[in-house]
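Chain IDs A, B, C, D, E and F follow the sequence of writing; residue 1 opens each chain.
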Amino acid sequence: MLDRVLVINPNSTDGVTQAIDDAMTPFRIPGGPRIDCMTLREGPPGVESQSDADAVIAPLCRAIRDAAPETAAFVIACFSDPGLFSAREATARPVLGIAECGILTALTLGHRFGVISILAGSVPRHLRYIAAMGVGQRLAGDLPIGLGVTELGDASSTLGRMIDVGCRLRDQHGAHVLVMGCAGMARYRAELEDAAQIPVVEPTQAAVAMAIGRIRLGWGQCLR
Amino acid sequence: MLDRVLVINPNSTDGVTQAIDDAMTPFRIPGGPRIDCMTLREGPPGVESQSDADAVIAPLCRAIRDAAPETAAFVIACFSDPGLFSAREATARPVLGIAECGILTALTLGHRFGVISILAGSVPRHLRYIAAMGVGQRLAGDLPIGLGVTELGDASSTLGRMIDVGCRLRDQHGAHVLVMGCAGMARYRAELEDAAQIPVVEPTQAAVAMAIGRIRLGWGQCLR
Amino acid sequence: MLDRVLVINPNSTDGVTQAIDDAMTPFRIPGGPRIDCMTLREGPPGVESQSDADAVIAPLCRAIRDAAPETAAFVIACFSDPGLFSAREATARPVLGIAECGILTALTLGHRFGVISILAGSVPRHLRYIAAMGVGQRLAGDLPIGLGVTELGDASSTLGRMIDVGCRLRDQHGAHVLVMGCAGMARYRAELEDAAQIPVVEPTQAAVAMAIGRIRLGWGQCLR
Amino acid sequence: MLDRVLVINPNSTDGVTQAIDDAMTPFRIPGGPRIDCMTLREGPPGVESQSDADAVIAPLCRAIRDAAPETAAFVIACFSDPGLFSAREATARPVLGIAECGILTALTLGHRFGVISILAGSVPRHLRYIAAMGVGQRLAGDLPIGLGVTELGDASSTLGRMIDVGCRLRDQHGAHVLVMGCAGMARYRAELEDAAQIPVVEPTQAAVAMAIGRIRLGWGQCLR
Amino acid sequence: MLDRVLVINPNSTDGVTQAIDDAMTPFRIPGGPRIDCMTLREGPPGVESQSDADAVIAPLCRAIRDAAPETAAFVIACFSDPGLFSAREATARPVLGIAECGILTALTLGHRFGVISILAGSVPRHLRYIAAMGVGQRLAGDLPIGLGVTELGDASSTLGRMIDVGCRLRDQHGAHVLVMGCAGMARYRAELEDAAQIPVVEPTQAAVAMAIGRIRLGWGQCLR
Amino acid sequence: MLDRVLVINPNSTDGVTQAIDDAMTPFRIPGGPRIDCMTLREGPPGVESQSDADAVIAPLCRAIRDAAPETAAFVIACFSDPGLFSAREATARPVLGIAECGILTALTLGHRFGVISILAGSVPRHLRYIAAMGVGQRLAGDLPIGLGVTELGDASSTLGRMIDVGCRLRDQHGAHVLVMGCAGMARYRAELEDAAQIPVVEPTQAAVAMAIGRIRLGWGQCLR
């Protein structure tokens, strides 16, 4: 059975792809699926605006179409879920977005979820998406740390801000679970959870977990 | 690593447990987790009322507490998700409910989901739960087939009704994906999907897929 | 006409039952219904977790079934409304929950209601219930005072915290009316209202008022 | 203790007031409150439009102000709840609306409520109000019988239409409880419930029940 | 073509009408519609309570009926939208409310809108209306400046408070756009926007813009 | 003052642009703004899928950037509002989408709006967008006529289907106002309204009306 998951990082920053790849370790077991992570060369260094998100859709869908013959399921590893619904038209294989899967998984871990975003400009985009998903009643809040994607690699500045925002979401906004609102934050999950003392969802891991399930089950996408 | 998933059928009908067990086949692969299905002896033949659902909580939590040392994750295989939040207090292991996971998975397969229930009396219970989950905006409808749990084994009467209700949910209520609202319907997934021509979620499979992911990731439950 | 209301305190703390009983004074008038308050012996000292709430359902329903021949309406006097829907299956008499009636009554007293809970762990349970009721749009917030049920009897520590939380709900969360989120808080209603200067609902009183109305009208429960 | 409830029928049709008065019988018991029903002379024969509803506010508030010294609580007996929030500014006594109380009471009797309206033009007014109340998630539907207020006295044409609409709300819209959407329908409650086999709320009765409770408890209105 | 817009200030404070009239300047161009602003003589100095709002409905509708022959569209220039739905029954001409149009326009300028109100007592009235409009999911918050209508003319006290409240809505409540919650605030739009650095909607301008569109298009009101 | 509105039809079908241009007639008055309609050459014949919608974003934003120096406001004339939020990043000029403006305008014309779509596949895309807008509570339904964009020019097949779907939205789904869910339907507005006897919104007209208002007022876009 074809069981390769292709995780596509739609930004061109290899460090992010590497961090995602490291986060895949728990899924790489004997007999388990092959999980490949690729950088979308045509992407911007970071998807930080709606324009960035929209601009990657075409090359992303091309990459998905190209890889479809040898891929069982796709994961779009950007918290804007860029091109998710176009991609589902581009292939009959399951395509999952990390925002969608990260948030849905969070709903099984706590009542109200908080999202830690990179920049203030990301928040309205997330709010539109969460509303479109129909799960806004469960949202505690979405707050930015004020760092761009390429700055996330610097743990000295990033982790502290994530903990600060996470604790504000917990204490002032009533979050019971946190979702990291950027694939580039993957490496900080355990430390953030230790500090915040509430569950923390790394969304690419959440999406790949669901993708593996879909491969096993052989369920396709809605094609009507 | 401990990687056994224990799927507990809270009703005492072995035929249902057997059907669930058959549905687990796709997850049983070399290197994959061990998936055991058990019948809750103390349960009623079918969980068809709120009283039935509430009555199984105590024995269910006992079974979970007893099995926790050798179990990595639990799935409560009844669409009322009986005792889900009590069970999460009873163990630090992940506990997932099939209604919650079936519905969340459906949200990745189509915009509006329809639920096929067993009896009319189940519908308000589902509606309360879907509202508590905060995903009611995505609900197309929840319609019963008018058969009890123990009658589901008879394919001659069951499948036709499921297809009829599924098509009504699709055509009159605007459902883009269907969720089978009882673990005892597991065996009819493929045929129903063929007939309705929209994705059909078998909720125990959806829950076990998410449970396996949780085991791999080692994420616990909200314990605050 | 049978016109006894039985108010069941599902925890085993007699002090709480006594406080509830005191709160019934306004309803005890010549020609008025008989109002009896009982302690559920099998209950825990306080219903503080989902497990506590679920564990009292069986003895509670037994008590209701036993008392049904000489009782016109039942009130479950715990803000988790444990077993409310099971109890409605157990008897054709009206059964009302204090959370449901306290919240519905609050909706007639102010636009946004705030809930004062005992412990932080109660909040998600309340949020699930308020969402299930479909009235979450009216919720200003739900904040805990950090005291368990058996500690509520100590006015020196309790009242001050209730006032503090009540004022925060009013000033920071925009509450126009407060609901006391535990039957054991009954005795503090007047003092809290004086301090907060917005209406305060004591939920057992709200539920008994509605129960008396139901007895007069002879309306049964939804039995379909 | 002052314990008179004044029920004001804001339309000028004495037959409606008489029907309301008859519906008060269950509340008139020795030791119970005095319940007076009055016709608002300045009202139109029926409140059938928004203009009708708005036009009665001034005389209604005058009547309330005039009667306040000898009245403990007021009920506005028109399903548009005309002037409810103005009336609450006009007096410190509790003022309850029959739409609000009828709907809130219905929420304790079934999950989804259906409203039986008089004319099609009433429906958007009800929908605005139900949305303002924040309980729209529980609404199954609101359908008109196509008769004006003054035509409701003719049982031969009215009851059959009410049963027809009630059954459509139950079967096609999923209502578990019905609310009669006009005070002038009061006399048909029992027959409608017998025919529809789901609970039916007569809203003036629901409101008076809550008003009596409020008098007993001495709770005022939100005055901030 | 008849293309006069009549903007009615339902309070009797000429200073407010004058401020509104000044705000109409951008719409007064050669070939453009005639825009007249009138003071409702029968109105109170400011519409600050529900009673105030309800009391102006009758004279407002009379004024509308009187002016209909020579008016193409009406704007009710009070943020409570008093009598909006009655007025729509009083004339077949378009009638727009400034709260409705101000809020709908804000939805095109930012994701979450904040409302700056005059008095704390206005807030629940606004919340009911925003909920009735069905756009509460987009509301960030509604906060008062604590000044009555007739005090708004004093820039020294008003503007500072508006900026303070606007910045709190932006920073603590997450507003992306502000709506000025009183016609009497019209003159402060530009200064407030400069200070808050997010778009600010002056609602009478928003309403007149939509009214002019409706005149051009010749679309009537819902008359069913 | 620069007062040109540029209406961009993102599909390449000149007949649609022509129909839009004809619909602009009411706005073309002496002293009024210049309204130009352009066909996006790079677009597909019709925007019928998410892929179509996403694919036009890049050329659409280029066209907007190119035209910005001589354009005061832009309207994206496709009911999927493709690229609306990217376009708002591409220029400081106001950019309005016809779906957003058509729906918001409908909210001033009736309580529940129905959308007439071209193809069944458009419906989930619309539902996501309406939910993202936060106005789903006002949606009566969204039904397709089963014709593609390029088929809309044939009045013999199109108008009848639109009337049929419009009447179903009105009678079975409770719509009080209809929104035409494709720019290519513009020419049928008056006939549809005559047939359905409820207001019909042509969304490009609604958007241009709002765009003209924005030009007059000089309000920019949210740029934070």
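Side notes on the structure shown:
Going forward, contacts are C-beta pairs under 8 Å (C-beta built on N, C-alpha and C of every residue); 3 or more make two chains touch, one makes a residue touch a chain.
Everything numeric here is computed off the predicted structure, so don't read it as measured data.
Among the remaining chains, those touching chain D as well as chain E are C, F. Steps from chain C to chain D, minimised over paths through touching chains, total 1. Placing every chain at the mean of its C-alpha atoms, the farthest one from chain A is found to be D.
Distance between Cα centroids is largest for the pairing of chain B with E. Interface note: chain A and chain C, two copies of one sequence, contact each other through mostly non-matching residue numbers (shared numbers fall below half of all numbers used).
Averaged C-alpha coordinates put the centre of chain B at 32 Å from the centre of chain C. Distance between chain centres (mean CA atoms), chain A to chain B: 26 Å. Measuring from the averaged C-alpha position of chain B to that of chain F gives a distance of 42 Å.
Centre-to-centre separation between chain B and chain E, using Cα means, comes to 51 Å. In chain E, the residues that reach two or more other chains under the touch definition are 110, 124, 128, 131, 133-134, 136-137, 176, 222, 224. Contact between chains, per the stated criterion, is found for A-B, A-C, A-E, A-F, B-C, B-D, B-F, C-D, C-E, D-E, D-F, E-F. Within the complex, the chain B residues that touch chain A are 26-27, 29-32, 96, 100-101, 104-105, 107-110, 133-138, 176-177, 197-199, 201, 205-206, 208-210, 212-214, 216-222, 224.
For chain B in complex with chain F, the residues that touch the partner chain are 110-112, 137, 174, 176. Chain A meets chain E in the complex at residues 123-124, 127-128, 131, 136, 141. By the touch criterion stated above, chain A contacts chain F in their complex at residues 49-51, 53-55, 57-58, 61, 83, 85-86, 88-90, 120-121, 124-125, 128-129, 131-134, 222, 224.
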